[in-house]
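Below, chain A partners chain B and then partners chain C, in two separate complexes.
Right, the complex of A and B next:
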């Protein structure tokens, strides 16, 4: 069991997300960086649907009330266990009474913003509508449907019997699968239904310009700001329709909003494009105040990117498994 | 967008969007959308078929390589599905129009050039069929609003409107089921629990049910 000692705003329990409930108005929620969560589960020998704690405001501190393995993935946030520096993307063991401290994410080649604290067997909160993810708007899922706060206690699920891989030195995903454009973090985008309704100048500006992630950005969506607001050829009044995380909407002020994991399942603003599924994790790690670029892609290339990501995760799984077997044999 | 032919587009590799062609939103078109949802949710590549307002989103269990093939099958199915008439309940909701609970009533008045009494009268007259659920847990998109009170969505979304907010967005109206952000114009408030995640069917209302707004009070 662990106890939250210090938690900033919107620290939540998240798994891969909640699917199959959009017909009731329920959005997917889920980890903003699904790749970091997946690696945390791989490191601990967990099933891929297990939940972790997503931390996006630092410092974050938890106390272990019993001995437990744990993994830290995602943003490199100077993790310490009772003052001892911990290697990121690795499994560690805490003794009863020890305190884990996550600090402000470090500047590396790529600035990142969200860390995942993963436990053996996952964070054990009730499954609501097929998922453990916190649904903030509906106030269910996660721990009582709300962000974590000081004094909350969480239990780990049933751990697998697999040996823990220990220190491994994984190559982080943004190093293994880099994507930059003119020195800025980039994400690939497929044009959406209303792309053609924007002026040629605005279409060019969308791809060419850097877009700043404004402070009005959160798990619901990133409100962007650019030098050239996007102009439609004529005003549009849309019928409400289904949308998914990654959809880039353009409200009348011309500054795009990218829907993120807590996005509503429907929307009505025109859509200029959608960040492809394979790159959503990159955006989930892009900090407020940073600038990003959109790179146009095609259907086939977007599916190739998804295959590449899944193949890389499978390879990480094999590496971790190999390491585990080597240790067992030693 | 409304066009002469049905439209098909993708939302990244996560989903595809089908939009019915009719220029005027109608219940008959929506009944065909419900029918198309029943048909397509059986397709192996489809995770969920989600009706919108005269449109349908298909989320993918696994995105198909042959996206044109999916498009062709969807358009073919649209040509053959019969309207699915769903018969449901009528729920009456008492509404306080205007005042603190309806902060954007003046925008609707300014846009339509009508008096508050005319807006209220036109808004509470119809029985609104639930076309689809969306936006947030338990929220119902309603058909049948009088186009004379249509008011464009707000230029910048409001960060938080309360649960029970009755609002107009373009040619649509609805009631928020919980507090959250919205780009619509809030003209009144009501009190009703629309969602309970502990129930097998967690949403109070389903497509085919209807809502009638009853004037509780008008604050001028």
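Right, the complex of A and C next:
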């Protein structure tokens, strides 16, 4: 069991998301950096659907009430366990009474913003509509449908492996699978339904310019700001229609909004593009104030990118499994 | 390996006597043992290697590539002269996608960094020394 000692705003329990409920108006929620969550689960030998704590406002402190392994992934937060510096993207063991401290994200070729604290067997909160993810809009899922706060206690689920996870880490995904454009973090984007209704100048500006993530950005969506607002050839009036995380809408001011994990499932703004599923984790790590670039891609390339990401995760799983077997044989 | 492995030396001496090898040299931390075949018997000579008795050699626990800084960070994990506590991560070993932390076996001061950044090392190779 762990106890939250200090939690900033909007620290939540998240798993990979709640799927199959959009017909009831329930969005997916889930980890903003799904790759960091997946790796935390792999490092601990957990099943891939296990939940973790997503931290996006620092500092964050938890106390372990009993000895437990844990993994920290995502943003490099200068993690310390009772003053001992811990490596990011790795598994550690805490003794009863020890405190884990996460500080402000640092380091890396591109800035990052969200860290994940994973436990063997995952964070045990009730499953609601097939998921443990906190759905803030509907106030359900996670721990009582709300962000974590000081004094909350969380239990770990039943670990799937009897072996103790070894002390091991991983080459971070941003190092193994980097994607940059002119030195900025980049994401690949498919032109969406209303792309052709924007002027040629705006279409070019969309791909050429850097887009700043404004302070009005959160788990619901990122409001971007660029030097050249996007202009439609003619004003558009649209009925609300289904949207998913990754969809880039353009409100009348021409400054795009990217839908993120807590996005509502419908919207009425025109859509200029969609960030491909394989790159949503990169966007999930982009901090407020940072700038990103959009790189045009195709449907086939988007599917290849997803295959590449899944193959990499499978390789990580294989190598971690080999390492664990070698250790238990030693 | 602090106690001299006398049993091992005796066994090796017996085996050496049955070969046509002239000399067997065993190098370990702190000393070198020379076994010379001398007729039917074996002559044993021990040479102390000049290593400060207070220093601890931190060795690779696996084959891998040595990293002196984490892939996300530019600053080194430790510098010569830096004091470390037991459990402090003093180096990393990269094996494929896996990164293993090499921890200080005891508190002390880093006196020497032996293996270079991104050098490939084998099991037991010295990485750095702590005094």
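Heads up, the rule we're going with is that the second predicted complex is superposed on the first by the 325 of 330 C-alpha atoms of A that agree within 3 Å, B and C clash if a C-alpha of one lies under 4 Å from a C-alpha of the other, contacts with A are read in each partner's own complex, and residues count from 1 in each chain.
Methods note: a residue touches a chain if its C-beta (ideal position, glycine included) is under 8 Å from a C-beta of that chain, and two chains touch if they have at least 3 such contacts.
This one's a predicted model, so the numbers in the text were calculated from it and none came from an experiment.
Chemist: Report clash or fit for the pair chain B and chain C bound to chain A in the combined superposed model.
Modeler: Overlaying the two complexes on chain A (C-alpha atoms) leaves chain C and chain B fitting together cleanly.
Chemist: Just chain B (first), just chain C (second), both, or neither: which does A:314 touch?
Modeler: A:314 sits against neither chain B nor chain C.
Chemist: Which angle, to the nearest 10 degrees, do you get at the Cα centre of chain A between the Cα centres of chain B and chain C?
Modeler: 170
Chemist: Look at A:323 in the shared chain and tell me whether it touches chain B only, chain C only, both, or neither; answer first, second, both or neither.
Modeler: Only chain C is touched by A:323; chain B is not.
Chemist: Quick one: classify A:192 as touching chain B (first), chain C (second), both or neither.
Modeler: Touch partner of A:192: chain B, not chain C.
Chemist: Counting residues of chain A touched by each partner, does chain B or chain C come out ahead?
Modeler: Comparing chain B with chain C, the partner touching more chain A residues is B.
Chemist: Once superposed, minimum distance in angstrom between C-alpha atoms of chain B and those of chain C?
Modeler: 27
Chemist: Which positions of chain A touch chain C when the two form their complex?
Modeler: Those residues of chain A that touch chain C are 76, 84-90, 107-108, 167-172, 174-176, 315-316, 319-320, 323.
Chemist: Spell out the residues on chain B that touch chain A in their complex, using ranges where they run on.
Modeler: 1-2, 7, 9-15, 17, 19, 25, 47-57, 59, 63, 65, 67, 132-139, 141, 152-153, 155-157, 159, 169-172, 177-178, 180-181, 183, 195, 197, 201-203
Chemist: Of all residues in chain C, which touch chain A in the complex?
Modeler: Those residues of chain C that touch chain A are 70-74, 85, 87-89, 92, 94-101.
Chemist: Within their complex, state which residues of chain A touch chain B.
Modeler: For this pair, the touching residues of chain A are 19-27, 128-129, 135, 137-141, 189-190, 192-194, 197, 216, 220, 235-247, 251-253, 264-266, 268-269, 271, 274-278, 299-300, 302-303, 306.
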